[in-house]
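Paired with subunit B in one complex and with subunit C in the other, subunit A is shared by the two complexes that follow.
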Partner chain A sequence: MKKLWLLLSVIVLGFALVSCGGDDKDKDPNPNGGEKQLDVELADTFKSFAKNKEVYLTTVGQADIDIVQNILENAAGLVEDQDFIRNHELTADQVPFGSVVFLVTGTSSKGLGAASTDVQAEKNRATAFVNKANAGQISIVLLHVGGEARRGSLTDPILNVACPGADLMLVVADGDQDNLFTNFSKNNNIPLYLFSKATKMVPAFAKLFE
Partner chain B sequence: MKIMQLSKKQKGILYSSCFIILALVITFWSGKNFYDFAHYETEFAIRENVVTRVEKFSKYSPRLKGTVGDSNIYVIEGAEPGPSILIIGGTHPNEPAGQVAATVLLENLTVERGTVYIITEANRSAYTHSHPQEASIQYFGIETPYGVRTFKFGSRATNTNQQWPNPDVYVHRNSGQKLSSADTRNLNRAYPGSENGTYTERVAYAITECIRQNNITITIDLHEASPEYQTINTIVSHNRKEALKIAAAATLMMESNDVSIRYEESPLNLHGLTHRELGDYTDTLAFLLETSNASQGKIRGAFTEELVLTGKDKFYQKAMEKGIGKILYAAPVSLDERVARHVYGVYEIIQAFNKYYGTEGLGELKVNGFPSYQDIMTNGVGNYLKEIIK
Partner chain C sequence: MTKQGFFTRLFKRLCLLIGIVIFASTLAACKEQQEPDPENIVERTSKKILTGTIYETEVYYFKSNLPGPKVVIVGGIHGDEIAGWMVADALVERKDFKGEIMIIPRANILATQLEQRYPGSTNNGMYNNVKYTDLNREFPGKADGTVTERIAYAIVEVVTEFSPTYLIDLHESKRSYSDPSPLLGDEIIYGNKKGAMLALEMVEDFNDTLDPSDTPFITDANPPEGSFNHYFGKTYDAITFTFETNRQLGLAKRMKQQNDLLNIFFQKIWN
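Presenting the complex of A and B:
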């Protein structure tokens, strides 16, 4: 009888440990391990990632493109039309082989109205960029600088198609409270760098053009 | 002594008379209250050695002359000519941070180069009544070193005494866009306005013409919104490239100084608003700033002066704690903070303008005397309101 109790206890303990393990895994705020690290320097593999390449800046969601442009200009000293092309309606067809596309995510209903477009059209544009990136023809630096306010039903459908195609994701951490970016990073092996605020991205941008 | 016995008929007359007298007293009291509120004049400290001149709306929209809507435009000119800025407060008198921020700027700024135009009561008619069924307060006071300064809490819309009736559907004159009936008396749906249009359109026309005739470089309209509105803590910018560049730079600077804010581009198809029409119909770089005002909220509790001043509301607090809906009410936002945001927003927009466009055209706009965000938060907005000298 004692042996039976011992066996039962071992089985129950075993289940308990497995259950605990499963919960921890689901709730892990950072599947890559440890606390989320903010404002970390880009790995050296990204040094000069965009240097001497054709650089395009666009938005899929019609928001925050001017914030990213401001950082591009100030951090990397780039000049619009000379060092990069900004086009908020850029399509994948317009981007030549070998280019780097800075894809700004986060959707604004006002911005959609200003551009006379909608979420589905933006999602389609994002898909075309991702297809081109998956074919090895372009690189995508995906940006999300708007934090939690730029998440939700207008933004997430676009993120779901855009994130898997990125070569690198630079994200303001407030927008990753539900680990959406962290999970894309883990599941697709895409480097993700989280920042406490958009201005903290300046050194990362500088490194891409070093 | 024999008590006089009243007949049934006499009793009826007595009771009816009492009710009629009571009704008259209540009517008189309500009427007097309404009359006093409508005729109360908010005072602003005009520094004689700083404010160059005071213009009237009727200079730009003549049919407003002699009406309640003939507001003041305070002009502060620098020693050197240069770019100019118009700051609009009081478009919506139920959004008090806009008026108080404009007042702080009026009473503190000095100009070295260029010109500052300030409006503190853009829609004066809307300051003569309050919104029906909102049970809002009529006045709120701000403690200053010189005593309590009283401001009015009015309505979002022009008083029906000035504009009546509302059409079933408001059709925006210039675009033909159909808007809700109530928006026919909303100044921020009336731009660019019309010289001979409705009362509200004539007020909008005065502001548009002021910008056009003075070739005002930058216009900033100061507003507030309920905490659940998606556009709070936002700079809304006209979609002209220069304006967007300035809005983005100002946003980044405010963010870097831990003032959480974002910018939005003005939709092309939402007409009548300052950030759309003033940018389209004039050469000004048009912006609108929004803060979070719990007293405008749909789920707020009792409407009190404290709610306006502190932003504390137990129902918003509960909604936030329970995560009900998309409540952006992360914490009570005091009037101090809302005014500090507006004042700081105006400052950073000017800095961004100078950074990108200060070396071309009219050169830099040099304005001094801004109380810092931190100063207003630490000392309270009342410390930046000047003494009213009679």
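Presenting the complex of A and C:
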């Protein structure tokens, strides 16, 4: 009988807790994803090749460049045209020796249409950046913030040429479910930082330009 | 009564009491969260635009005594994107708005009545011997232009007068971006880079609520020229979003998605 009452009380207690548990879903069980230490490490990695260099921002795939620009401006406090140049059609020969290019990957068919370009042209642009990086003339920070939704036949051909040329890769983990980025990182010895969400990149970016 | 029996009964009653107290207090806390804020007094007014025509439609204004930005929500620019305008229809009954909200539930009212993209969209734009075009390619419209241009113009006029910070246009797409023949379904489209981060935050929060079998939403840019989003995002420089649910899904689910996205949006701008 005693056990029955105890069980009843536990059920009531459990129900009471569950009945108001909706908000918990919104909370990150691990605020900042345990990424604080990684943020510092990432900043050190970035600064090792990018400190005080001219920064360019472009996209190969015509997607998500606004998101990365927002993160650069709001988290890192950079100002367009003053601290970095944004050009969604930037070509490798427009980038001076010694600069850092933030190369945003992920392809949007609508973005391609709006920019009057196509996957092949974007792939060619990416290849030119990689050739310049391999010649030691520029550094590339490759970003993929769109997760799984920005993978597939439009995006992967560009990733396949762009990833090996990167000095650093910042990727939303959902986009690496098949270990594409992990494998490029291992095979080419490129530092790779995975983030649970794109918004989790914000604190990391805050440290990049400190 | 034995000493053991007394303690057993005492223990049982204590357990029950604790359970009841916790249950009651938790329910009270929940109720407090769910009930509208009694200090939030929302005044609702409305007016008609395009009066005296078959395109006459209602514009609702909500003004709260609590602070919040000015927001415009539009439904029914495309009449066959039913979830969007049905959610907008229901939205005018809400009493928990903060700041100032303007809602045009059925911007293209004749199209919503016909449940067509625009009147005559299945008949080369001809309906009752009048030629119509896609309203979402005609913004900002013209005061003395075609019928569709005049509808667009009336909407721009009333929205501009309200001077909003945020605008949301509720739409639907025939297919998802993830379909083999992709369209715009399951997307939030932002009109300019000012809205990119908020769109991303909304998408991330929304995707957290989805079942694993659901297609996650993505953000996208570049609304088409002549669209409500493009005009107000590029020309007027407001923060604009188009919500695009996927018409391959059932109506109830699409309406829930539109509502959930709106709630996430409100949560973000009111907090």
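Convention: the second predicted complex is superposed on the first by the 162 of 210 C-alpha atoms of A that agree within 3 Å, B and C clash if a C-alpha of one lies under 4 Å from a C-alpha of the other, contacts with A are read in each partner's own complex, and residues count from 1 in each chain.
Assume contacts are C-beta pairs under 8 Å (C-beta built on N, C-alpha and C of every residue); 3 or more make two chains touch, one makes a residue touch a chain.
Bear in mind the structure is a predicted one, so any value in this text is a computation, not a measurement.
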Touching partner for A:116 - first (subunit B), second (subunit C), both, neither: first
Partner chain in contact with A:146 - subunit B first, subunit C second, else both or neither: both
More subunit A residues in contact - subunit B or subunit C: C
Partner chain in contact with A:66 - subunit B first, subunit C second, else both or neither: both
Touching partner for A:198 - first (subunit B), second (subunit C), both, neither: both
Subunit B versus subunit C as contact partner of A:108, first or second or both or neither: both
Shared contact residues on subunit A - subunit B and subunit C: 63-64, 66-67, 69-71, 108-111, 113-114, 146-147, 149-150, 197-199
Touch list for subunit A against partner subunit B, complex: 62-64, 66-67, 69-71, 108-114, 116, 146-147, 149-150, 152, 197-199
Interfacial residue positions of subunit C with respect to subunit A in the complex: 8, 11-12, 15-16, 18-20, 22-23, 26-27, 29-30, 33, 177-178, 182, 184, 190, 192-193, 196-197, 200-201, 204-205, 208-209, 216, 218-222
Residues on subunit B engaged by subunit A in the complex (per definition of touch): 230-231, 236, 239, 244-245, 247-249, 251-252, 255-256, 262-270, 326, 328
Contact set on subunit A toward subunit C in their complex: 1-2, 5-6, 8-10, 12-13, 15-17, 19-20, 23, 25-26, 63-64, 66-67, 69-71, 74, 108-111, 113-114, 145-150, 197-199
